[in-house]
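Take a look at the structures below.
Consider the two complexes below, in which subunit A is the common component and subunit B and subunit C are the respective partners.
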Partner chain A sequence: MPEPIVDPLAVTETAGPTTEEPRRDDDLAPPDELPATASEAAREESSVGFTALVIAGLVFIVAGWLLPWFVEQTSNGIGFSAQDAVSSPPTGIGTFVVYLIGVAMVGLVAFALYDLLNSITHRGRPLRWWRRRTALAILGAVGTLVVWLLIGVLREEPLFGNISSFAATDNAVWMTLTGFVVLALTYGLRPWVVTHGEVAFGGVVFMIGALMPFIFNQSTSFIEWGASAAAIYTLLALGLNIVVGFAGLLDLGYAAFFAIGAYTCGSLASPVHGLHFPFWIVIFIGLAVAALFGAVLGAPTLRLRGDYLAIVTLGFGEIIPDAANNNLFNATGGPEGITGIDHPSIFGFNFGIDAKFYFWSLLIIIAIVLVLLRNIQRSRLGRAWAAIREDEVAAAATGVNPVTTKLLAFSIGASISGLAGAFFGAELGSITPDSFQFAVSVTVLSTVVLGGLGNNTGVAAGGILVSFIIFWMLDHLQEWMGTFGLKFGLPALGTIDYSRWVYIVYGAILVGIMLLRPAGLLPSRARKSELQAGGQSEALAVVQGVV
Partner chain B sequence: MPASADATALGVPAEPSPTLMARIREVGRLLNRAFPVIIVAVLILMIGLVAGRSGGTTAAAEVREGLTIGAVYALIAVGYTMVYGIIELINFAHGDVFTLSAFYAIFIAEFQPFGFNLNSLATSGPPGFFAALAILMPLTMIAAGLTGMLIERVAYRRLRTAPRLAPLITAVGVSFIIEGFLFATQGSTNVRTGKANWLPGNAFTVGGVVISWHDIFVFFSALVLMFLLQAFVRLTRLGKAMRATAQDRDAALLNGVNINRTISATFFIGSALAAAGGIIYSVKDDLIVWNLGFRFGIIAFTCAVLGGIGNIVGAGVGAFLIGLIQVFGGQLIGSAWDNAIIFAMLIIVLVVRPVGLLGMKVADRA
Partner chain C sequence: MTVTAPVSPAEPLEAAPPPILQLDRVSKRFGGLLAVNAVSFTVATGEIVSMIGPNGAGKTTAFNMVTGLYPATAGRILFNGQSVVGMPPHRIAKLGITRTFQNIRLFSFVTAVDNVMVGEHCKMHENIFQSMFKTPHARREERDVELRALASLREFGLERYADSYARNLPYGLQRRLEIARALASGPTLLLLDEPAAGLNSQEKVELMQIISDLRAKGLTIFLIEHDMRVVMEISDRIVVLDHGELIAQGLPVEVRNNPRVIEAYLGSGAAAQSERGPQTTA
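What follows is the complex of A and B.
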């Protein structure tokens, strides 16, 4: 409570050159048990967005350092990377700058790791010395930027070392730089970030997201991954979060609504039935149909709770792809599915198969959905969901209508899934029943749980993480390990057939994360207090409306 | 008027003038009470339809088919129902333990330390078959049981007090790990178990329907194992501890039950029975594939729910019913709709009678 962090007005980024350290509150005995824990809890909660940003910055820096080891080298890339420093010590005029950057990098990363460790173990006071970190971050970012711009503008051999060609790729350079910018902003605007964690995190994610096609302009597979997998799975996870996280209704058949959305939109904009409605109208039809099915399939499950509900939804999730596979009403095309779905166009410009445009459209839609969800969650309906989740009988007794509340959760969740399905079909141009199997439902559910049940920010982060692991990392494992093995003289690494081990890796990741963080990576405050102090404080949190 | 359901549940008299919802609820209550009769009637109707369309011999052969596949489901379903009964977890990995133990059985049967293996022993004649079975069955069951205990120890025990979804996700993760292991080591295609000719020949023919020794072995070994299990749970001290833990974990703990050991034992027994299911499935169908366990697991869970989750006899009854419904539904509608029929069945059961055929009321605890 005496910390300046919870008081945004006391310390801002323009606080001037005062060298005053934040006070150590270790010395101050907490005046009372309750306020102490409350402020503790508030600070921990509000630092979640901060932690997420630190993680994001670190991931980008580390990935930028490591990437050139794993990707094909391109001759027209710009810049200097960690490998160059390792493989050829700088000897030229750039030496000083490079070592300066190196110190800044190491210091910053060490500080950030220390912060992270503290916030993961919930020990210590991770909030001191942020000014030094800010300085380091800015130094690193500006230094790197200057060096890289020099190289990029001059287009000469690097200023230092004996490097025969431009070894690094643009991707790596831009990634490292992005990481520094994120860390610099995070530490520089620290008080604001701590109090506005979600907004800051969202802003950074959307900034990086919008820039991603440029950052990764050398590797189209990354952009395609981002467009077709990460964005769609994030959208699905946000929709499922309504059903599972907000309303507490465990849904194991969520892929059914994804399929319904995709098939509805596919049939309305493809040669199958000779219909060619414009995409931007079709998505609303798909959304509405999925919402309708959400309510229809939700209706018989209203009496069920917990795992029984899970099994019924699992049943629906199995029946829908089966029906599509068996060409129900001759409308679904059987195992071959629907092909030749129209690509969307806007103002006469056709998206075609260019993943970039789908990615940007999905990004905008995700932003809209996030804002809407945030508002719904804080509305009367959101509170009704929380009440139903906590105690259905008590909620019904206090005037919450369980029927409409649950059905709304099902249909709003399903409608978002339908939207994702529409984009899925339009981007790929064809859909088959295989795309909507149980594995999809499980993946989305694990995304939601991993990210942090009930927390939109966490779920979005989980969506990015899980789809990154499944659709990009596991896909490229073979290639990476091959390159890695060659670089480090372990060619045996490249001879293993990794595609055989993908399931084990994914399963182990699921089990590991759940064992280490049973409430997810970024748990909502209510879940966290439930884990730490039992149901009492969760009920309190719901009453206070902070869920 | 959703409040009236809770009102009647609390013992408060319902409103005097029946609304539409109240009428629907009344119908639902009738259906609920008559459900066992209805399901048997539907089954008889289905058998009648098949018999009328394709002849009595076909229908009888389908009954045989349904009962043998039901026997396999029963042995898997028991594991689900026991685990759910005791820690309220849908153990998604259980179906994969079934597949894994079928592969254990292949390994053990082909293991050749003294110049001969169990496969050659088993095909040498009935005494050899029983000798091979007496070696193979316990070894595989112990191996699978230990696997089950390991899974519980590593993936579930730490999460016993965590939010409900966490162990469910680790269960899915363990399922992926087992399937991935089988995929990586056994390949993606069907594997012959080599047990198809363990018990050759036909036993007898009833009204044109050939009953092979396979069928008799599959059906009766499942019955015997289920009977032994029921006796174990009813009569032994450990069985009593299991029932106590399932009923109220804290109270059992206060009365001196070692909860961790009891739950471990539950996983051991459930996995061992799945292993027995794996062996009799190998004898029955011979082909096994890495991801077979997923589908069998979900079907077996359906059986457990149909019978009433937590109830061992119910799981057996549900499994034979589901086996018959699957086979006859496939005959009537087309085998492409197998899964859809089973899951539609599951949904109907849960909507009309959530406690299952023989279950007690546990829905509120979930």
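What follows is the complex of A and C.
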């Protein structure tokens, strides 16, 4: 054991491959020497560290922007992956720069592998930051490797849509650079990343996210997927996570609020009622109306718990799309829904149908929502939610008002869903009741559970993964299998009609993920240790012959 | 360690300092079962009062009525002269009555320090927008509450466990954490439901020390306890319930030798024997 870590700053300075783990990352073992205020100190530090990462990220992004342009001028339009640079003779200053990057990448990958090896040989004391750092290293390394390998494939096979061979290398450079930046940042800021893994992870993800439209600039359908499926579902999942994950209230009718947001905003900015309010005002109205409905629909459920609550929310989830379908108050346009919804514009620039502007707007909104939720989670209200989730009676006896606490959970969850609805309508230009059926509620709920109940990072990851599976992978299954079959001399693979299989595949993937990661992709600390505790007490029960 | 507090005689209740808690013919009926039947007693400010009685006597039901978890079927419950019947639990907590539970009810998968911070929930002013945007006011309040919670953990010898989940604390420390949580809102009346249950004798001694320390700080303590050694040692007065009825109240010595109490605990034969003065034990 090393000397006790007393100064929280010392953690930052001394953390390295051989440093011991700060104890707050350890879940079940009794805590040891770190003073209790360290967590507070760490929280204070994180804002400074985050700024540093943002600046570093910006520098890298600018460099990433300049480099392809720079290289293109100097390398005769040849592909310029690091591999190419290594295998072809240097012909210009740009190629030389790429060559340097290539060497750096090789070095980083080697470093990552060495770290991995180290962690395997020093096993026996599983340390969490170790794993997180290793995970990031693997991410960067695998990303880089995949880029190298894909470049060849991308030129021939349209994995992400129609890509010309020149553009393929262009895209590949973006991907390569992104991977390089991720790895370089992760290692460059290692001590900091160790103490603030979550924030660093978020920063890296958002950086990659912001670059996506460039990386896939030749495949608009992929960005359309990102804007209309991945971002919307992530937002919905984040909202539902408040209700289900934080406050522990099972909500099966969440699509209702999605519909309310979409219809409110659709009505206020379309020819239906002749209203054309600016989008950026309308989203706030949609948010407020959804929040109001969240409280209104939440009120009757206050006395209910668990399964009973779920059934009542299920009822609401059925009422709202049905009301819209029946053209209630002549406001919803019946089964045809609302069409001709205005596309948003900013400073006179109309977003039109270009998905990347929606994608970027949603990315910014998701980032804001994540930060605000993180603040709430660590505040008076966040603790009250946790208290209600864990034990409502004890929470009430301790002074937490269950009524306002639950209603706020419903309300805030609904408001985020309303926001998602506003974007959904504005992007598609039309909404119909079909888009808000029970299946949406279930998909969002499974996203939350699969991502990691109660952990925003995990839920966001789940949102991206589930929407990728449903709206991209299953759509392209036929094409992929065809290409795959040709490649490996099994053309029969391409002749199967996969449209009959998609939901079987989807279900199998969900089952597989939940079996492999029962607490979700990135479980919250509470959920993980709850599962462990459950396992322990079950084991104990077996030993004692109770079961 | 024996507390030898001067005890006022039981009769002149009107003359004594005003009771912090007064139950006046309080009843609770669950369907056909009369769990508490017209029970009346008072707890004076600064007292340590124990409520004893066999299992099913209605002790916890009485606690639940005082803290608002059940509404009383009949009767009045006055806290500092104010009726708390029909008041929701969180308002009663804010008024100044907090409690612990017989089967520890901590927020299991919430850290110890957050458990205590939840205790201060009803005294905090930060609203949702302030917490969302981390305004200076919210930051300051959060920091103050966290520091107070940590100080409280230190006082109870729990600072090592500040960032552990409540569930992962050893049993005896969970009992302490529950007391720390109940104290966080700064109550004037603390209700402890079997605080010594499951503790070893060393922990019981520490518990008694904690209770008498709290009383020394001016807190009034009303507890349910089965461990007669603890009850006899720390209580100023004892209230005895049996089958939902108040069968005796008074000084520990009086209650110990009360034939009805002995009968409730040990049956009528034992009551007859006790005329010759054997000890009552739990």
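Following the convention adopted for this analysis, the second predicted complex is superposed on the first by the 343 of 547 C-alpha atoms of A that agree within 3 Å, B and C clash if a C-alpha of one lies under 4 Å from a C-alpha of the other, contacts with A are read in each partner's own complex, and residues count from 1 in each chain.
Quick note on the criterion: a residue touches a chain if its C-beta (ideal position, glycine included) is under 8 Å from a C-beta of that chain, and two chains touch if they have at least 3 such contacts.
This is a predicted model, so every value here is computed, not measured.
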Touched partner set for A:Gly340, first subunit B, second subunit C, both or neither | neither
For A:Pro278, select first, second, both or neither according to whether it touches subunit B, subunit C, the two together, or no partner.
-> neither
First (subunit B), second (subunit C), both or neither touched by A:Ala323 | first
Partner contacting more residues of subunit A (subunit B vs subunit C) = B
In the overlay, answer first, second, both or neither for which of subunit B and subunit C A:Ala395 touches.
-> second
Pick one for A:Gly352: touches subunit B only (first), subunit C only (second), both, or neither.
-> neither
What is the contact status of A:Asn375 with respect to subunit B (first) and subunit C (second): first, second, both, or neither?
-> second
Residues on subunit A lying within both footprints (that of subunit B and that of subunit C) | 393, 396-397, 401-402, 527, 530
For subunit A, which residues are in contact with subunit B within the complex?
-> 244, 250, 300-301, 303-312, 314-316, 318-319, 322-323, 325-326, 393, 396-397, 401-403, 438, 442, 445-446, 449-450, 453, 500-511, 514-515, 518-519, 527, 530-531
Touching residues on subunit B, where the partner in the complex is subunit A | 2-3, 6, 84, 88, 90, 154-155, 158-159, 162-170, 172-181, 183-184, 294, 298, 301-302, 305, 334, 336-337, 339-340, 343-344, 346-347, 350-351, 354, 363-366
Listed in rising order, the residues of subunit A that touch subunit C in the complex are 23-24, 27-28, 30-32, 35-37, 39-40, 372, 375-376, 378-384, 386-387, 390-391, 393-402, 408, 412, 526-527, 529-530, 533
In the complex, go through subunit C and note every residue touching subunit A.
-> 67-69, 88-90, 93-94, 98-99, 101, 105-110, 113-114, 117-119, 121-124, 126, 128, 131-134, 138, 141-143, 146, 150, 153, 159-165, 167-168, 181-182, 185
